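Chain lettering (A, B, C and D) follows the sequence in which the chains are written, and residue indices restart at 1 in each chain.
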């Protein structure tokens, strides 16, 4: 594998990891606040749908983005109601949200566009277009770094940069601000927050809303950045992979970056090398497609110790002595 | 799903918990809690579904009629409803056994798919003379393959600390790939377009409930897929109930699921319970293949599970992880599946409406039940006081 | 009796052959003013029942799309001797069944010829949905056609996945197209349902050409889709409906000769098709029709000589 | 751990009796007609209470009497159904803890409300940050903490993670939290339940210091000795009602106990001298290294004979927990152990196969674990299920299927004999009070008739009535000839229950004393690590 191929694979990995990273960070906020979220998939899907629909109707991708965020936030609100206000089972709520999004997107899409749940293709201003970072061309001549900057770092749609910036931002928010301190506390021991006179409910809603926002970005990126419109079930399990990455990363922002990058890199490699010949044996495509999942299991078994989730996660907060 | 999920069943796993939260019992009588709350929640879910149907410009009343008559209005409808319910009973039980051990098994989909492979291999390998002989063998094949598919994640969880939620998700993908490969390259008869195995021998045909009825001299559910597996599923409910609430193993599973520390105090081995519970769970999921692969399609097709593994999660959670609750929840989902299928078949309403209705049912009965319970409790208390 | 049409699990609007079938039925409806019943499958278990219920309500003929019906139809057809069934994409040997099969390899061959001539790099790509025999049939014909023009050229092949999501993952489709482009492919043929949408989109974005499948997808990105390998499922449905109860049982091979398959040339891609290309396609068509060129059918032996 | 060698000027100031309080100052707290119900449970009924400024006010009452509820209402954690609260003479509606904090009220809960993976500093500023950015708050808090530590002897390392702190230090963090918020009125709910005697003494010095500063302190405790020692006034609660408020100087422990329980209570353990038989438990050179590589047991030698109670005294965290867990068959996973354990003359494997809790039970060991809620019981299980926990494999409980009726009948008998209330074996364990949970465990472990009973902290957080009962049962078991190894951080309990006392410090046995001849001072010195065998 020479350098330019490596760059192409990396470039692909960056694109593929963006929705995973956004969703993973979404899960991070929610779960760090003590609200488990297996509804990442559903929120992303809803966002992909609403963003594509509105972008198509208005021809403006930014309005689409706003709608995507709105769609995911609506789902997040449902999750918040169920798991915070009504202290319901967070897992069931997450499962329900996945089903709800899967059904509603097609139902509404069919009603509006009559294309069996697909949205019409987006064109021009209804899609995100790549941005060329300053100096990308000027630096192209610099050995090693020049091509890396031009091919891998520059030339993505804005949401990619948003996703990458979200990592340090999340770290900073989590560990350097009052909000972050309280957020981490409420996921570990909500009573400590409550007795300190801070509202557990408000904090958790805040976290769940941020999760909605980030899922909105992820979904919008899928529909208006990576592809040009909505196709039913287009999230294709990415919400679950993001969840796996979150556990992998042990609920921390920088490792989340690493984990999602690893997943994306494995997928990009499998895309680039759909069949690998090992002498007489050719690994069939089915297994190359599954390679990322197999490797995940191996890595988990070999290198990652026990992942301890936020202590209060999954349990509704009830005042006790 | 996260540890979130994996340990969700057991909040007390926290090594040094302060006083555990006490279930705030506020005087709602048990029958109201068990019947009234779910029924009202269900009605709420249907009411919102009606709004959704109105939104897409259809008549909720007509839709309801199609669903009810299609699923429950005839022996034909029941024949399907029971068939789907049978699938969901198995996957629901599978999820619940693991859940009692504090393990969140989202791998039902893959385990059921592998169960199908087990059934196919058993039935194609031997020219079975009679279904009564083939059935036990196929059950062994199905549960063994399902259990095997759960064993690896279980072992990794117990020994390597790999999170069972991730590994079971991954194993769903790996099972799909394996099946894809085996069906296309090994089990597919030469010249066949269909990535499916050959038909199982005619003698291995499981009696359909309709056929049994016909042989008893009355017409019921002719040509519907419900078959004798239903009885196996009912038997499984009873056995799981006995296992969980009557055997020492079940006792240990429940104890471990609620507190690992306490389990150690009582001399219960975490590794053993994790592995055994997952083997049983995977075996149950695998057994679903008796219904859909051996009983219905009589050959193994790609994606034979059709999401029943995931529905099993909802069924188990809604059935409060109790076999009887799971039976009821499976029937409810069987009804939704069949009624919704009829709706999509015979009206212009897209099939995704069923998905939405399912989602609302799961949401209201499973996660928003306090929305109903809280006001009811207040009502009860006031009545009690006044 | 009214005719009936059953769509396979992919659904009526799969942008693929179910949708083509729908268009055929609609054409018949528009022409004759008749009415027809239509059903979309919801689950594997419904196939048999759907057939029986339609047969019992007197629908005739009953047309179904997809090889997955083959097994069930074999069982059901004998029970309804007076009803005619038409199955698309596989052969069912029953006296009241018409089996319509398409020589996708021939249409794909022509697409391969065009791709080879349009390609400047000598490398083209193929993106399939799932790794199943039907899709290999497309792949193999395409590769053969391509090699007939550029024997030393290269065909890159990717399959999307192993779960049903493989048919609905435009993001992955786009990524695969980009990966193929980076390996030099400048024409990419997608046989992958909703995933193909992403392939065509990415090809258009990346300034390379793509080839659509099943129905005419040239209009999706005018001037950027080289052509579409069309499979006239619509025609077969239309004809079955028109024949009504007099549908002829037996196997109907929809090949190039009977205009069952072909490549779409219309206003959207006119500019891309040079006169030489037109000529090459015409020649190949003639040779295939005459039997001078025999396009290999992957299904016959599960191998592909061209790859 | 600071033993009693600190200057005790607090003692001199302790003379500030209530009559010295100037009457023109309004009381710090007035509660008027407070009622609170949890569903059908009336936790507080029409409670009136006045707490004078600058005093230490004790509140006593049985488990479930409503003490914590009342204080939680004052702290804005619960809303009262009826009643009025006045703080400093002004009526105040305390809608949430924020209001209480602003009114100068701080509370240290029975179960600490700390974030275990946060540092001390982070815990202290949580909810009282100076602004949206942490750096400023942290810097200010660090300075403030240094000042508080100096002024009140509240030394804790601000950078330490709370999980790593001893319970006593965690409590200091809770107090620091309140002081950092400038609390004038400090409520402490059973603060000494988890403390060692030196830690408790230290706490009391701090409390006296705070009082002398003019702060008001409300102290809930089950230990009448503490009430007598430190409070100025004391209120007694029973079944949700306030039955009396007395001047401490004018009452006695016996009177308080009777007011609390409604009957006379024996405050001393009444037991015959031990008749030691042959050795039952022999431990030789036992060592344990925990998974982090820390050596927790450093060569323990110990013998317990039939018919005697050997008490292990020691500040918690000196290896007692590890010793009990290792003997009980469930040391922390991945620990390493060496040495010998003999029970009844037969050697037992230390760790791994054949050394799990089930094998230990088979060898005749019973175990009342230190942490009843996390180890001894499954809180969601019904009492009858818990009553066989650990011995559920026994053939008495049925064959292939368990015979639940037999188990229920058996449990009902145990609950009867051990006075577990309410006497409903179908109730989940979590619905029993702490004392009754402990009685259930004792019933299970004692009635098995073990030849050796391991007992860890048997009466932590348990009220007087239940303590009395549990102690009597342990003595009764001894009198049947069983060997008993008791671990407790309550020096009182160790001294009154044991026949022989050994002191553990830093994973070693510091020495052995006869219970009849030793005293608290001697033991206290050994617990603080004074030379082996010295003193």
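Just so it is clear, a residue touches a chain if its C-beta (ideal position, glycine included) is under 8 Å from a C-beta of that chain, and two chains touch if they have at least 3 such contacts.
Quick caveat: nothing in here was measured; it's all calculated off a predicted structure.
The chains that touch subunit C as well as subunit D are A, B. Centre-to-centre separation of subunit A and subunit D, using mean CA positions: 46 Å. Separating the CA-averaged centres of subunit B and subunit C is a span of 36 Å. Each chain gets one centre point, the mean of its Cα atoms, and the points for subunit A and subunit B are 28 Å apart. Each of the following residues of subunit C touches two or more other chains: 11, 131, 162-163.
Residue positions 110-111 of subunit D are each in touch with at least two other chains.
Looking at subunit A, one finds that residues 110, 117, 237, 284, 286, 289-290, 311, 321 touch two or more other chains. Pairs of chains meeting the touch criterion: A-B, A-C, A-D, B-C, B-D.
By the touch criterion given at the top, residues 5, 8, 12, 15-16, 19, 110, 115-118, 121, 222, 226-229, 231-234, 236-237, 267-268, 271-272, 274-275, 284-286, 289-290 of subunit A touch subunit C in their complex.
Residue ranges of subunit C in contact with subunit A, taken from their complex: 11-15, 19, 131, 156-163, 165, 168-176, 178-179, 182-183, 194, 197-198, 201-202, 220.
For subunit A in complex with subunit D, the residues that touch the partner chain are 175-182, 184-185, 188-189, 191-199, 311, 319, 321.
Listing the residues of subunit C that touch subunit B in their complex gives 11, 39-40, 42-46, 48-50, 52, 67-68, 70-71, 89-90, 130-134, 162-164, 299-300, 302. The touching residues of subunit B, when paired with subunit D in their complex, are 12, 15-20, 22-27, 242, 246-248, 251-252, 254-255, 258-259, 261-262, 264-269, 377, 381, 384.
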